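One chain, chain A, appears in both complexes that follow, with chain B as partner in the first and chain C in the second.
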Partner chain A sequence: MNEKLRDLIITDFLAIVLGLTVSALILLFLDKNPVESFGILFSSIISDKYTFAEIFVKATPLIFTALAFAFAFKANLFNIGAQGQFYIGSLIAVSSSLFLQGKMPSGIALVIVFLLTVIGGGIWGSFIGFAKAKFKANEFLVSMMSTYVALAIMNYLLRTVLIETKAEYPQTNPLDTSMWLPTFIPGTRLHIGFLIAVIVAIAVWILLYKTTLGYRIRVVGRNSEAARLAGISSKRLYIIAFLISGSLAAMAGFTEVNGVQHMLLQGFNPDIGSAGIGIAILANANPIGIIFASILFGALKVGGTIMGQMSGIPSSIIELMQGFVMVFVILSYFVRSQLEIRREKRKLRKVVEE
Partner chain B sequence: MINILSRALMMSTPLLYGSIAEVYAERTGMMVTAIEGIFLMGAWGGFVGAYLSGSLFLGIIVAILAGIITAVSYAWITVYLKQHQVVTGVAINILAVGICSFFMRVIFGVPIIPLTVEPLATIPIPILSQIPVIGPVFFNQNILTYLMYLIIPTAYFILYKTSIGLIIRSTGENPVAVDVAGLTVERIRFIVVLIAGAMGGIAGAFYSIGYIGMFTTNIIGGRGWIAFAICFLGNWNPLGALIGALVFGLAEAIGIYMQSSGGGFFPNELFIALPYILTIVLTITRKSFNVPAQLGVPYKKEN
Partner chain C sequence: MNKPFFELKNITKYFSKVIANNNVSFSINKGEVLALLGENGAGKSTIMKILYGLYEADSGDIFMEGVKQKINSPKDAMSLGITMIQQHFSLVPAHTVTENIILGNVKGRIDWKAYENEIGELANKYGFEIDPKALVKDLPVGLQQKVEILKALHLKTKLLIMDEPTAVLTPQEAENLMEFVREFTSSGNSVIFITHKLKEVMEVADRIIVMRSGEIHGDLKCADTDEIELSRLMIGRDINPPARIEADSEADSSEIRLQIDGISVVENDNISRLNNVSFNIRRGEIFGIAGVSGNGQQDICEVIIGALTPSSGKILLDGEDITNSSIREIIEKGIGYVPADRHRDGMIMDMTLAENMMLKDSFGEKWLKNKFIDNNKLKNYTNSIIKEYEVKAPGAEANAKGLSGGNQQKVIVAREVNNGSKLIIFNQPTRGLDLGAINHVHKTIFKERAKGKSILLISTELSEIFGLSDRIAVIYKGMIQGIYNRSELTTEKIGLLMAGYTDDKEV
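Right, the complex of A and B next:
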């Protein structure tokens, strides 16, 4: 195994263990036994099929938002707005599903809903890339702010045109069962959205590492000046990168609406955007790594919820675990660079001695 | 009308604390992307301190400490360990949410009724507050707003007219020169971020104990990011930040007014989204930015 990959795996593993250990120790403030609490966490997530499958249910949207961040990041762009792109995706998924249900075979309808969601999220995202390319606007700020705008749009629509027939709560009517993404393990909520996520992650990997477009995106990301000299128009790539990034995040809206909630309601998954960034960092922005990192975060979510139900630990333990794991992962980047420097020095010394 | 203007000035106060903090930090080359987390920790620290001690003053001290602790963790990772500023900020912000809500539970359990403190009182200044229009708008505010009147000229003066200001500006433009002059780039950045943390802590406290006297984990709701944006839009200048903060304060005050008065033709959500839309529009239309040359770049000594 090459040394860099070995370092990556060992330090990432240590970072996760340390992050969880610190979170566990914090439980002492609540007079809870950390060993016992985490014991409950680990034993309960593998105790029954339903809970175990929940990990992958929770991981599904995270794969998409993490891919959205990672993809733009490869072009040295910051898409902090995956949360908003997810909201836009959810809105399109729910409204087109409600419109199409019963009008055509569900397979065809679901494909159309998926495509509309992807296109809509892409347009919303490409606006950020366009602002960057045309007006040199700071994409970090624009994408960040676009989330709050998307949230306002979603709340407005949920309160007005999309509101349920009873008009009691700001939420839509439930989707017809024909518009639900099929589950593939009986007795669980695990739907084919997870498989779509895995396929999309692989596709993103191929796009980034095996195609000219991906190559260009990575060149612009490493050195935009060199890219310009090589005749690559970085402006066009900004728009394309955000278009793809936005549509990736919007896919999470499709899988969450059609696969899990089967409706859209206010305060829907408010933290998958920031968790996605954490996952992308943990996976070093590698699409395949993102699948595994998302499963880890999914497990933290499921485990944290169970801890809350079984032993009265607040569900904020989830953010604590995620936050500490992320901080330690960032520290592990530092450790890796130190290891790398030391290795280089040793090599140099060897050369000098010879 | 006077009500809206007075409210606008009040709402611009925390944004100004935050954006001046950000201006100083960014002038040394440090984007404080943990600002949302710093605001949140400040809001939380301020509330907990004030609730437990019964003194708003002690609340603000706790808020300052909470802001500093958050900023120091951020600065240690980004300045000394030279890790990515955006990525580190995201991690710190998530952790801040976890810490606030977890320790809220540790300290207060699950309260049946929402916990409140008496917020900072407005202190009408004798004579001055009697002036028509100007009086009620400018001289009938709370102590943090009055303090802001002092901070603006001081911040401007220090940055442009003193040697400390010159050092701060040079650190962001040409850290090598600062290094050659015998100063430690890392230490300057670390200290400035620490001070920014204290300011951000006060800004956060303004949201919890400044006027509503409550704390919830979504109390900041992106205002840290707005302060961050104001620093950009104000062209890294304390006076630019002042204009920016006033514009956003006004947008927020109009939003609150329209929400409470029904809004008429326009939906409430439009007014809630107004500051964010404004940021996008200004980011796109504003030209000729004076970005500090080394913004976001960790300093690595050549040897």
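Right, the complex of A and C next:
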């Protein structure tokens, strides 16, 4: 177990270093000194409290979408639709907040909004699981397409019932400050949504590794035939796994609407679903690892914004950096499995020789 | 014509640790039907796949009419006039008969009309009723096989190898196939049949090669032999029974634990997989089911554990009707099951041994503490099992896939012995295991019987059946051929029963 963790840390670290090194080479093509550019990048992240906290703000929704992918992945299901589940969550969060604000104490209202978001995202997700269980639909395609449906629903609602009072832009009225998630470091945007994300990640770990439900989900994911002969119905678990996965992605909608934007607008955070997939792979689908991997990607996002402000460096450099890091991370996955196979063999040989 | 058509000399083939063919030599002449007879796993298919270029032999040579040949791929084999029809057909279901037949042998623009006519004529010549434009997926299995044969004929095959060709056929279709084989060989072509069915062999073969554990144990002319000799050669006389421990109490005096009453399983296309199977197992009894594999053994297991619903019949456990109980209910009632295919059915290879230990108890409270899984308890238990069953594993946290087959099997046996408080089903419990592991499994079976548990032992290994069972049933094509006390049976008799002959008459 410890050796596995050690491998994970070493290979991930190397992957990140390699990703950054290749990105630095790209900077050379732009006639920029990469050492200098990275220097400015790191110093501005560390020296400024607001920027530093921003890393965690950016990481928060990524934790949720990565957890959503990782959870379904444990049941050998591919939830590519975290983006759509996030939109559904955002819609529920913003509409229930607008409805509830001023009608009750903000603490109670926020809890109700959170619960509604989770339930709504769960129902949306469970449709995908249901299609898989009932009709043997390919969950990869269904979940991917469900994102477009969710996007269309969001756009429609933003132009009709949810549109701001001025009716000028396809966006909602801003939320009352009572419905904002409280920040906990003054002078930053860091809201308690980050803490919720960390707690949820730990809860997901407990669910997967400490409860029989999580055990059954993992068994079905690894060998559904053996699961069947052990009396475990994979169909039921497909629905449950997608229900939980969908509600995890929807939580990102709650923290983004109530914690960051305080409103809902068109084309909102369009890439957190796909980033979540990469993060989940980076963390080997481990919920705790996802916290750290999300922070790394938060840092890359913030760094990209800063680099974009430097003269002569296109802000798209950060997408390159993310892309390179991702490629090396995925490669590291195969390196790790090779290392593990070799280690298992060595261990076994030792036992046999004794 | 003194040189044989094809000759294999001293072929040896290793699969990682197993030797599949050991110094195998034989030849086939023109116009001859050769039967390759042997039990499953005897190495029949392997040697044919070497001849067909699918496998590469580790040593040995292949000669065609006295000239040494190098066959590296099926393409090489086909150019020499060899075609092999696999047990599982290699047809494209969504394509037409013609498309399937010319696949891989056409270039450029295709003159469909000409090909369709040509194939139609070819089919007529051999009396096959096949429409060249029909889609393969619409054809019944018997006709699909004929498409495979047409494919071979279209290639002007001179040596046709068929792997278990009658396994999927009805008796009439099988009869048709035999007629074709006779016609095909009458014009100087040769056929090799891979089979374990004695009756077929006697009917159609000119010469018979008997294989057992990767070696040739007989090369006989059909006219000079009979079923009894063949079954003896196929099964082998070197039966090495495990040390038998007699039951403390007389089995017949104790009560019936499991009662199987007229169980039939019929599939949609009305092929019956089990046909009116009835037997019962008493407390503290080992009940063995012998038979060539694929004759309904797996179905019996699945019916009992609730994974397969019988079309008719009843199953009673201690007098209680469990016919329609779910798998989960059956587990809770105390029936353990050691499946034949441990990779697919018995273990989660990517999980640790400890996690595999609780596979069947995930709904119970057994491994829980305050609603959460008690990892320490599970780990300690698994470690005690590792010690007790002498599992060669680094520890409870080791991944199951890292273990050898024998050690994986010990883990499954330990789990199912623990689950099966009343009845334990062992389906091929020692297949592919080394001697030490086999011994251990056998000892465990005796130990559990001594505790009063009932054991259902299903095996194709006759030595195992004879060595362990108190009573023995023989299964053939989903039917019980008879139930005997151990002392009533001899190797010859059981061999005939397994091949489908009953005591007095042929079925």
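Heads up, the rule we're going with is that the second predicted complex is superposed on the first by the 335 of 354 C-alpha atoms of A that agree within 3 Å, B and C clash if a C-alpha of one lies under 4 Å from a C-alpha of the other, contacts with A are read in each partner's own complex, and residues count from 1 in each chain.
To be clear about the criterion, a contact is a pair of C-beta atoms (placed from the backbone, for glycine too) under 8 Å apart; a residue touches a chain by one contact, two chains touch by 3 or more.
Model, not experiment: these values are computed from the prediction.
In the superposition on chain A, A:Val219 makes contact with chain C only, not with chain B.
Judged by the touch definition given at the top, the superposed model places A:Trp180 against neither chain B nor chain C. By the document's definition of touching, of the two partners only chain C reaches A:Thr211; chain B does not.
Once the two complexes are laid over each other on the shared chain, residue contacts for A:Phe297 go to neither chain B nor chain C.
Of the two partner chains placed around the shared chain by superposition, chain C is the only one that A:Arg228 touches, whereas chain B remains out of contact. By the document's definition of touching, of the two partners only chain C reaches A:Lys347; chain B does not.
In the superposed model, B is the one of chain B and chain C that contacts more residues of chain A.
In the overlay built on the shared chain, the residue A:Val327 is in contact with chain B alone; chain C does not reach it.
By the touch criterion given at the top, residues 1, 206, 209-212, 215-216, 218-219, 222-223, 225-226, 228-232, 344-345, 347-348, 350-352 of chain A touch chain C in their complex.
Contact residues on chain A toward chain B in their complex (touch as defined above): 26, 29-30, 78, 80, 131, 135, 137-138, 140-142, 144-146, 148-149, 151-153, 155-156, 159-160, 274-275, 277-278, 281, 314, 316-324, 326-327, 329-331, 333-334. Those residues of chain B lying in contact with chain A across their complex are 73, 77, 81-84, 86-88, 90-99, 101-103, 105-106, 217, 222, 225, 228-229, 232, 267, 269-270, 272-273, 276-277, 279-280, 283-285. Note for the complex: chain C touches chain A at residues 305, 307, 326-331, 337, 339, 344-351, 355, 358-360, 362-363, 368, 371-373, 375, 392-394, 397-399, 401-404.
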